[in-house]
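Both of the next two complexes hold subunit A, though its partner changes from subunit B to subunit C.
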Partner chain A sequence: METIEIDMRGQLCPATLLVALKEINARASLLRKGAVKLCFLIDNRDATGTIPESASNMGYAVTVAKQPEGWYRIEVAVRT
Partner chain B sequence: MQPSERQQHADLLRENKALRQRNAAAMQYIRRKVDQLLTVMGTSPLRAEELDDNTLIELDPIGIVSDSFVQVLHHLKETNDQLKTAHDEITAIFKSAGMGILVIDRDLRVLAYNRKIQEQFCVTQNVKDSVTCREILCQTVKDENCPARQAIRSGTSVRREMDLAGRRFDMIATPIQDKQGAASQVVLVYMDLTDRIQAQEDLRRSEERYRDLFENATDLIQVLNSDGSIQYVNHAWQEALGYRAEDLVGMSIFDVIHPDCTDCGPEFKSVVCGHKGGRFETLFITKARRTLVVEGNVSPIVENGVFVGTRGIFRDITERKRSETTVAAEREQLAVTLRSIGDGVITTDINARVVLINKVAEHLTGWRQDEAVGRTIQELFPIKDERTGADRVCPVEKVLQTGTPCELEGNAVLVARDGARHLITDSVAPIRDRDSNVSGAVLVFRDVTERKKLENRLIKSEKIESLGVLAGGIAHDFNNLLNSIIANIDIATRLVKPDSDVQQSLQRAQKASTKAKELTQQLLTFSKGGAPVKRLASIADLIRDTADFGARGTNVRCQYDFAPDLWNAEVDEGQISQVIQNLVINAVQAMPQGGTIEIAARNLEFGRMTSPALGPGHYVMITVRDHGHGIPPENLNRIFEPYFTTKSTGSGLGLATTYSIVKKHDGAIDVESSLGNGTIFSLYLPATLAAAAPVERSAAPLPRQEQSGRILVMDDDELVRETAGVLLDLLGYQADFAVDGERALELYQQAQQAGAPFDAVIMDLTIPGGKGGLATIRQLLKIDPQARAIVSSGYSTDAVMANYSQHGFSGIVVKPYTLDELGDELQRVLGKK
Partner chain C sequence: MSEHPFVFLGAVSLLLGLAAGFIMHRSDFCIAGIFRDLFLFRRTVMMRSFVLLVVATMALFEAARLFGLLSAYPFPLLYAPSAANLIGGLLFGIGMVLAGGCVVGTLYKVGAGSALSMTALAGLIIGSGLYAEFHPAWAAFVKRTTLFPGKVTIAQIMGVDPFIVVLVVFIPASLLLLSWRRRGAFTHQAFAAGYLQPSRAALLLALISAASYVLVGMPLGVTSSFTKAAGLVESVILDRHYETLAFYKAMPLNFIHRLTGPEPLIGGVGPSYDTLAAIQLPLILGIMAGSAGSALLLGEFRFTWRVPARQYALAAGGGIIMGLASRIAPTCNVWHLMGGLPLLAASSILFLIGISGGAWLGGLLLLRLLGVGCGKAADGLCAPRRHGA
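Showing the complex of A and B:
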């Protein structure tokens, strides 16, 4: 499964969410087939609430992992 | 600038202003909608400084969010589908679950319940909304014990066993929490344990029953592992073999198989090793080293195709074996007894077929047991009438039909297989089974041929004895007459001159009288009075002397064959000599052409059963065999009768006397004869194993001397008294007379008192109606112990005559006596003085 990293560090909500949703929408077909997973790199703490909530409502599996440097990896993939 | 232009310009400005206002309103609207959508998506609204209008249009957040909504909706639809499926599944489970499920709210009001609840608690379908679970299920349970309440309070599941509606339930109360974590509902699940408990109870009882059966069984039950080690044994096993439960640990079946049982060991091993199963007998040894005989079954236990052990059930048959041995021994003893019985015994089944035949019956019928079994009694036991020869019916069938015992009437002859005939008596009795039904018959019979002979002999002997009494009576009287005749001829002879013609007549009369004397002697011997005077004698010498004398002067020769160690016998030599003489004379007369008489003597020893005619003991058997004309069968039975004779010159007393003498010697006489081939007489005399004393010969006649003295003659016969008087006178004696004992004693005493005692008394032994010689001598000797008495009688062979001295007499004269005989005896007796 290909992992596509989208670095959104430095961006603020709600733009972060809109960008993330745009990326998810653009790859919806590949994501649902399980061909790719998206990895969002963010440092905006609010986004750790909004992105997983929205992606989960859209039916994806979401994991949030805080990195030691203070930013976050949010992975979005198909639900198994 | 033209007004028009100005106007146009002003219009354009107004239009521009309006357009700008309209654009600003549109942007305002877009921003509001974007914020609304972002809020729906759960994020914060856009800030104006964050995105200018152009960037906003370029970013197209509405497009983004609406695309995301498409996916959200799609996901919601999927989720709804899944929820519906889950709901359907839960409903199906709820409805069809094998346990009762009840859903209540926190106030215990019933929200839902499944069909099982209806069945378990008889709940109607239309339970009102306000009805609580307590009302329909567990009215009796106290509030504090209510598991639903506890689940609501604790927020966790509560499990409990409860008795409801007469049944036992495993009940689980699980709270359903709302978003606030409070228990809003409770799911109650009721699993009915009653059947399971019942099944467990049944199983327990069943196990108990089997255990009871095993533990209280009297048979020995064992379960072994494949190596023969003991897995389980029952109480009876432990009891019988003397082991306790704790002893069995580590024990093997080979510890209880008897070491002596070499056969059953390998047999048993092959079974416990699973090679074979089945029924067999073996020996066990108890803890106390006692041997048990056991019989039983062993079978292999196979689990999943693998032999894992054996199960066995045994029975202690030690006692049974012992009793079987006893029964076998008794049966053997019975069989031996039956075979040893002196009578013939045949048993039959209900069809009159032979089941058993003993040894005597085998001998008499000629059929062996193995040949006889299964044959009919008619075949084995044909009987005929002795006299008519007609077939007779064996009573076995009659007994089988009637069930009553029966005896065969007399004169039945059993015809043996080889044709031999046996005169028999028999009796038949039914054999009855336990229910008293006739199951067979037992025939007991006896060969009475010998007994019949014996009976005939007894009848004959009685006949002879009665004739003897008669003959004896006649002879006694006749003898007294003869005494007188002989004495008087004697006297007359002395009175007449020797050369006188009368002498010849007197001599003829004397000769005839002598023959008459011999005849009366024979008669007297034959009669009752002739008890033998026995002395131990050598039979061989006696026979030889007598037989040679009897055959003297004839053309017949005697040939002797005596056993070298021939026993002696106590016999009256005179009588036995007479017997031999009679037999030899008969033999001589049977062979007028001459020939040889074979005389043999043998020793014989009879046991208890070997001779019915004679008692057990030692006998001398004498046989006298001639080769003469023989005796016709019809006469054979009569030859011992007195006066039975076929000879013109015979007296008919020879064999009668012989018979009588032999009988009185406790012996027996038999005759066998075949016409033209000769006759054999067999004599049996009781033998004595002691040596014979030398024969005492009578003293030589004393020289005649002139006699004197007083003699008292006691006789009831006047003629005898008179004759005696004449003879005594001739001899020189002085005679006095008495008719009986009383008178004689009287005269004797008178003479004593008068000082002229009698020198001797001649006494008749028998005085009819008066005191005889024997009674008189006893009293006489009391009066005068020195008295001398001579006994006189015709019964020369009378016991008193034979042993006169033992009875107190000093001498003896046998009537009829001559002058010399009387003179010699008186001289001898008086000479002893």
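Showing the complex of A and C:
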């Protein structure tokens, strides 16, 4: 599975959520086939709540992991 | 205490600001986000906490009034309703959505190191200064469109005891809040470290607002200081033009605060160290420092400036619109929504209607300006739907 990384550190809401949703939608068929997973790099705390909520409402599996440098990594992939 | 009222007012404001900044950072209690997401994503969970904030503040203000703890009721710098509240609110709503935070949201995000919010803050100061250019014409418009001159709250307009009006709103609102609580509708899943649920943040912010009203004589407000900053810059670089601007010379604040002695507290938006500066500057510093402290404790303080240029433009533009709107309205969303609305001030109710419309329009504008509109390529963007896995 290919991982596509999208760096949105420094950006605010709702740009982070809107861009994340746009990326998810643009790659929906590859995501659903399990060919890719999306990885969003975020340092805006609000987005650590809104991106997982929206992506999981759309039927994807989401994981959030805080990095030692103080930002968050949000992975969106097909549900297994 | 009466010898040094500014020391007392400043110290209290600094402490309240530190607490508010910390709480807002932990819970991401962003008023711009609450209104924007309601329209843009039909996300209601934060709006419920906002309702809780207003209702809790209303109860605390009314209790403080009944116990005789308030120096002025309604508090100073809250005026009779006019069309300006509606228009200012509308513009303010658009500005805060584009800027990515309201006046206080911008401050707590600056505290956590956001370069975009620092840009929005500069925009706020510029926008506040722009207003001075057409203040006389706007003041005349406000006068022409004022309803119920000399009457501020719904209770004053109706000529009844404030307790009755508060009770009529408080009882159904409390029942609604209780039903949300029973359904667990306040809580939402969050992955941010050290997260404070927004409903708890709402109750704490209501306490802070009430403490400010009792101890400082008025609730939280910050935008006069942005205008003062604009006036200061203008008085240095455009000194001749500055002298022609009447706006900076007015001293609208003049009230006696029971905790600072018999001398009246006086202030305006000109760049002098008056009561408004003595209260607001420590509050602003407190909010930024409280948020920075929270971010540092979590190891999340970051200054990242590599952001798409378009977002800097949006932050600056949104900040300017919001700064301008905060003088047009007059005053900002925290003053109206966390101060005037809990008193059921008619101007704040008009501001609420305006800001709601503005947040909706701002959301639509933002989709276009960010280039992530609801086209076919972004199907499902505007109202994320549940698909089968």
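The definition used in the following text is that the second predicted complex is superposed on the first by the 80 of 80 C-alpha atoms of A that agree within 3 Å, B and C clash if a C-alpha of one lies under 4 Å from a C-alpha of the other, contacts with A are read in each partner's own complex, and residues count from 1 in each chain.
The rule is simple: a residue touches a chain if its C-beta (ideal position, glycine included) is under 8 Å from a C-beta of that chain, and two chains touch if they have at least 3 such contacts.
Only a predicted model underlies this, so the values are computations on that prediction, with no experimental measurement involved.
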Give one of first, second, both or neither to describe whether A:43 is in contact with subunit B, with subunit C, with both, or with none.
second
Spot which of subunit B and subunit C makes contact with more residues of subunit A, would you?
C
Given the touch rule stated above, what does A:15 touch, subunit B (first), subunit C (second), both, or neither?
both
Residues of subunit A that lie at the interface with subunit B and also at the interface with subunit C
12-15, 17-18, 21-22, 25, 46, 49-50, 53-54, 57-59
Complex contact set, residues of subunit A against subunit C:
9-15, 17-19, 21-22, 25-26, 43, 45-46, 48-50, 52-54, 57-60, 64, 66, 68-72, 78-79
Subunit B partner, complex, touching residues on subunit A are 12-15, 17-18, 21-22, 24-25, 28, 46, 49-50, 53-54, 57-59
Subunit B to subunit A touching residues, read off their complex:
38, 41-46, 50-51, 59, 61, 64-65, 67-68, 71-72, 74-75, 78-79
What does subunit C use to touch subunit A in their complex?
25, 28, 30, 33, 36-37, 40-41, 43, 100-101, 109, 114-117, 188-193, 195, 295, 298-302, 304-308, 311, 315, 363, 366-367, 370, 372, 377-381, 384-389
